[in-house]
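Supplied in structure tokens, the structure appears directly below.
In order of appearance the chains are A, B, C, D, E and F, and numbering begins at 1 in each one.
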Amino acid sequence: MNGTKPVGLIIGRFQPLHKGHIEMIRKVSSECSMVIIGIGSAQYSHVPDNPFTSGERYSMIYRSMKAEGINNTVIVPIEDMNIYSLWVSKVRSLCPPFDVVYSNNNATKRLFSEAGYQVHGSPIYNRQEFSGTEVRRRIAEGGDWRSLIPKEAAKVIEEIDGVERIRSIYGGSPDESE
Amino acid sequence: MNGTKPVGLIIGRFQPLHKGHIEMIRKVSSECSMVIIGIGSAQYSHVPDNPFTSGERYSMIYRSMKAEGINNTVIVPIEDMNIYSLWVSKVRSLCPPFDVVYSNNNATKRLFSEAGYQVHGSPIYNRQEFSGTEVRRRIAEGGDWRSLIPKEAAKVIEEIDGVERIRSIYGGSPDESE
Amino acid sequence: MNGTKPVGLIIGRFQPLHKGHIEMIRKVSSECSMVIIGIGSAQYSHVPDNPFTSGERYSMIYRSMKAEGINNTVIVPIEDMNIYSLWVSKVRSLCPPFDVVYSNNNATKRLFSEAGYQVHGSPIYNRQEFSGTEVRRRIAEGGDWRSLIPKEAAKVIEEIDGVERIRSIYGGSPDESE
Amino acid sequence: MNGTKPVGLIIGRFQPLHKGHIEMIRKVSSECSMVIIGIGSAQYSHVPDNPFTSGERYSMIYRSMKAEGINNTVIVPIEDMNIYSLWVSKVRSLCPPFDVVYSNNNATKRLFSEAGYQVHGSPIYNRQEFSGTEVRRRIAEGGDWRSLIPKEAAKVIEEIDGVERIRSIYGGSPDESE
Amino acid sequence: MNGTKPVGLIIGRFQPLHKGHIEMIRKVSSECSMVIIGIGSAQYSHVPDNPFTSGERYSMIYRSMKAEGINNTVIVPIEDMNIYSLWVSKVRSLCPPFDVVYSNNNATKRLFSEAGYQVHGSPIYNRQEFSGTEVRRRIAEGGDWRSLIPKEAAKVIEEIDGVERIRSIYGGSPDESE
Amino acid sequence: MNGTKPVGLIIGRFQPLHKGHIEMIRKVSSECSMVIIGIGSAQYSHVPDNPFTSGERYSMIYRSMKAEGINNTVIVPIEDMNIYSLWVSKVRSLCPPFDVVYSNNNATKRLFSEAGYQVHGSPIYNRQEFSGTEVRRRIAEGGDWRSLIPKEAAKVIEEIDGVERIRSIYGGSPDESE
């Protein structure tokens, strides 16, 4: 699991996996002996910001890695905890050992660097379009979302009737009933 | 618990029980052999959106059913979990078996229909006035709230000094102290 | 732990401890045989509203009490629970026995008075400036925050590189990654 | 919900409801204006000591009360928490108001009496046979369990294939896999 | 992820991965298009029955699959919940879709078959020796444990100083301090 | 909070505080600039192994420190979590910074030394008698327990009617009701 190249960790929510993620993973994959892809907020699903289950997101990533020919990734679902003093320890206990964390999130970067990890920003690929928020918005409103995400992710969304799910849940969560 | 008519499930927060709820329960009650009334967000109380405890809401419903002569309901408190992939299983484990879910909440409808349940919309009775939000607002601001809710619910609110409670907690929750 | 004077309880988040807190503690300290200082939201840290860990806040309070010569306080971290029907019981189980609760938060006052406690408002000392929100804002934006908090609290913030932490986490929490 | 007679609370696990429970409920029912039947350990099921879900136990009780003609009971599922300093507050928040607690469990009696409740022991009816442990043992080993429980409880067990469930789970829980 | 062969799920604790697991995975791997290996009790570590973290077990499995040339597995950590009415839903939400569950644990088999899954027993390979309990016992007592587990699992144990860890924690857990 | 002497951490359950604890604290207190006394299993009470609340134990320790003239201790309640990969991070987030951990528990020592802390065994003072288990046994059975614990701890136990509590709860916990 080690060698001369480091092991890298990328954490995202992948709601859904989009082409910006693919570019980031591809680049980190070339710099590292292994890339751990952490699926954040793994316990959540069926709400507007987190429509897909962890298992559905796992499928999107796994199948896209195959299709893209990226061979040195492993996938680890990571349930959120909003107790951030424990979060790095939680990530560490769930993942194989890693050396470098790639993130553009300042809080993530701060937490891992307080814990002594090397932290890299990740390159940005057209963040306007390649964002989960934009993909979910287009699905909900009927825009062109397929061009923003890899083919295998789109297939998963179709297999689980994800378009209909996103449109339904934009109507409010169950705990908002009157 | 079965017969030729189905068993129905209605989930609400009943903060507090209002006359719109009564009409909905009465209608479902006539279509079903038994109606399960699930008290959602059961663990919450003493905050602006959820002022009453589950037990207080249980009293409102139980006493109003007696007063209205609706005889085929059972009441089940259901604690919220924001992990919606588990929520239907949780409801199912807490309730007697049911066949049809009545709801106007799109997310609730989606979750139960993904799980294979028959889901019906519920008729709407003057949603402007007959809403928990409106009742709580009138209590907080001193408007006429009694006309919106059944008599027994109003009695419970008086017995627990609920008007004063609602006015107090509109001043912010304990974790917002400076 | 008892005597002719009562035991008082003050609950705050102390994010960070500021001079308004010091004045309140000093006044309550003179009226009580002992003052329990409850550190609320103890489990949270590294987010914009709760940047400091419970231990860091414990240090701020403990060292400031020494420096101010206030000798009859004890400090108790109290993790938040948003289930308020249990909250008073939780506070009671964590603290030595107390008689009077001092608070300006209406919900806190309501909960303790429903549970039969004597509740006092606390005097207000320039709430515009002496507020955690204001101190955190000045740290994030580079204003004069040192004049608002006691010297020992400022030293703790420096020892843990707290200025840099606050500036980092204003960029969003880890579960908001795209 | 009140009158000259008090409101009583009985808490049990009802794994399953047996004839000893029925006798106890009948007696308390005659002494009280209303009896709250709390289903303890409501979240557990599918393990040797707690084979039935809360909903299944709710059905057993509800249908048996109808069959026995006991008309003044309400049923409240209560999830266990092993934090006993909060437990009485939790029960209180879930139930309509009650005056007297009936129990033969010393710890339960102690907790409610520390909280100021009136606590009564409950009469004992052949505890050797009328015990959940004995019923479950007979189901697992193929003895005569039907004679120990009310008819409606037996019907529920048959409807859910409960005999087979109990025999399966005596083989160890899922977290004991090698 | 689909094809003519089904997708299989194997859940184990892998404390540690041993040669019996390898044989089972190899056999299921040949019958399935993909095998999901669920790491159960993922949150536990540093106790006698669960000494290794989920990440350490992930490494053992991932590296052994490479070494054995088994190419159609994915690995999913699954935190235990002792609320078994929700457990199948939790597993389903974390994993890519699966068709068949392989297990020798009767409770696991029951839960998945109540949920409508096809369940297979798994072949047994010298269960006396190839058991986690036996491996941990030998590590603690200084016997020959290396012959019971695959080479890559032994390497992981050495890299994390696992022998010393197991010997230490056999002395009691932190919450048993006097 | 620092100086030339280190800051020490002692974690115990203090059920109840006994004379062995006092001797240990006195010795560590003389070696350290400050001693943090962590009250472990802080959330538990009213069960045979953990009869006293965290607040009651806080009182025992605080009052005994005063009586013994030990002036450099601070007290921090620490709720148990059985997820040991997070436990050291949790302790660290709750306590002021510390340098050395004093413990005779092998698992505690292992966890803190894996996290890079200096760990010392603590001297043993007649462990046969000076143990919480022995004190609780004597209270339950009516032996001489007062001679094993400091005077102020005995006073707290009397003030809360602790003898009667311990005798009551030896009769079984609430979730064991039949």
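Everything that follows uses one rule, which is that contacts are C-beta pairs under 8 Å (C-beta built on N, C-alpha and C of every residue); 3 or more make two chains touch, one makes a residue touch a chain.
What you see is a predicted model, and the numbers here were worked out from it, not measured in a lab.
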| item | value |
| --- | --- |
| Residue-number overlap at the subunit D/subunit E interface, same or different (half cut) | different |
| Averaged-CA centre spacing for the pair subunit F and subunit A, given as whole angstrom | 43 |
| Centre-of-Cα separation between subunit D and subunit B, whole angstrom | 25 |
| Whole-Å gap separating subunit A and subunit B, where each centre is the average of the chain's CA atoms | 36 |
| In subunit D, residues with contacts to at least two other chains | 43, 45, 53, 85, 92-93 |
| Touching chain combinations (by label order) | A-B, A-C, A-E, A-F, B-C, B-D, B-E, C-D, C-F, D-E, D-F, E-F |
| Residue ranges of subunit E touching subunit F (in the complex, touch as defined) | 43-47, 53, 164-165, 168-178 |
| Partner subunit A, residues of subunit E touching it in the complex | 1, 42-43, 45, 53-56, 58-59, 62-63, 74-77, 79, 92-97 |
| Subunit A contact footprint on subunit B (complex, rising order) | 11-13, 20, 40-41, 80, 82-85, 87, 103-111, 114, 127, 131-133 |
| Subunit C contact footprint on subunit D (complex, rising order) | 85-86, 88-90, 92-93 |
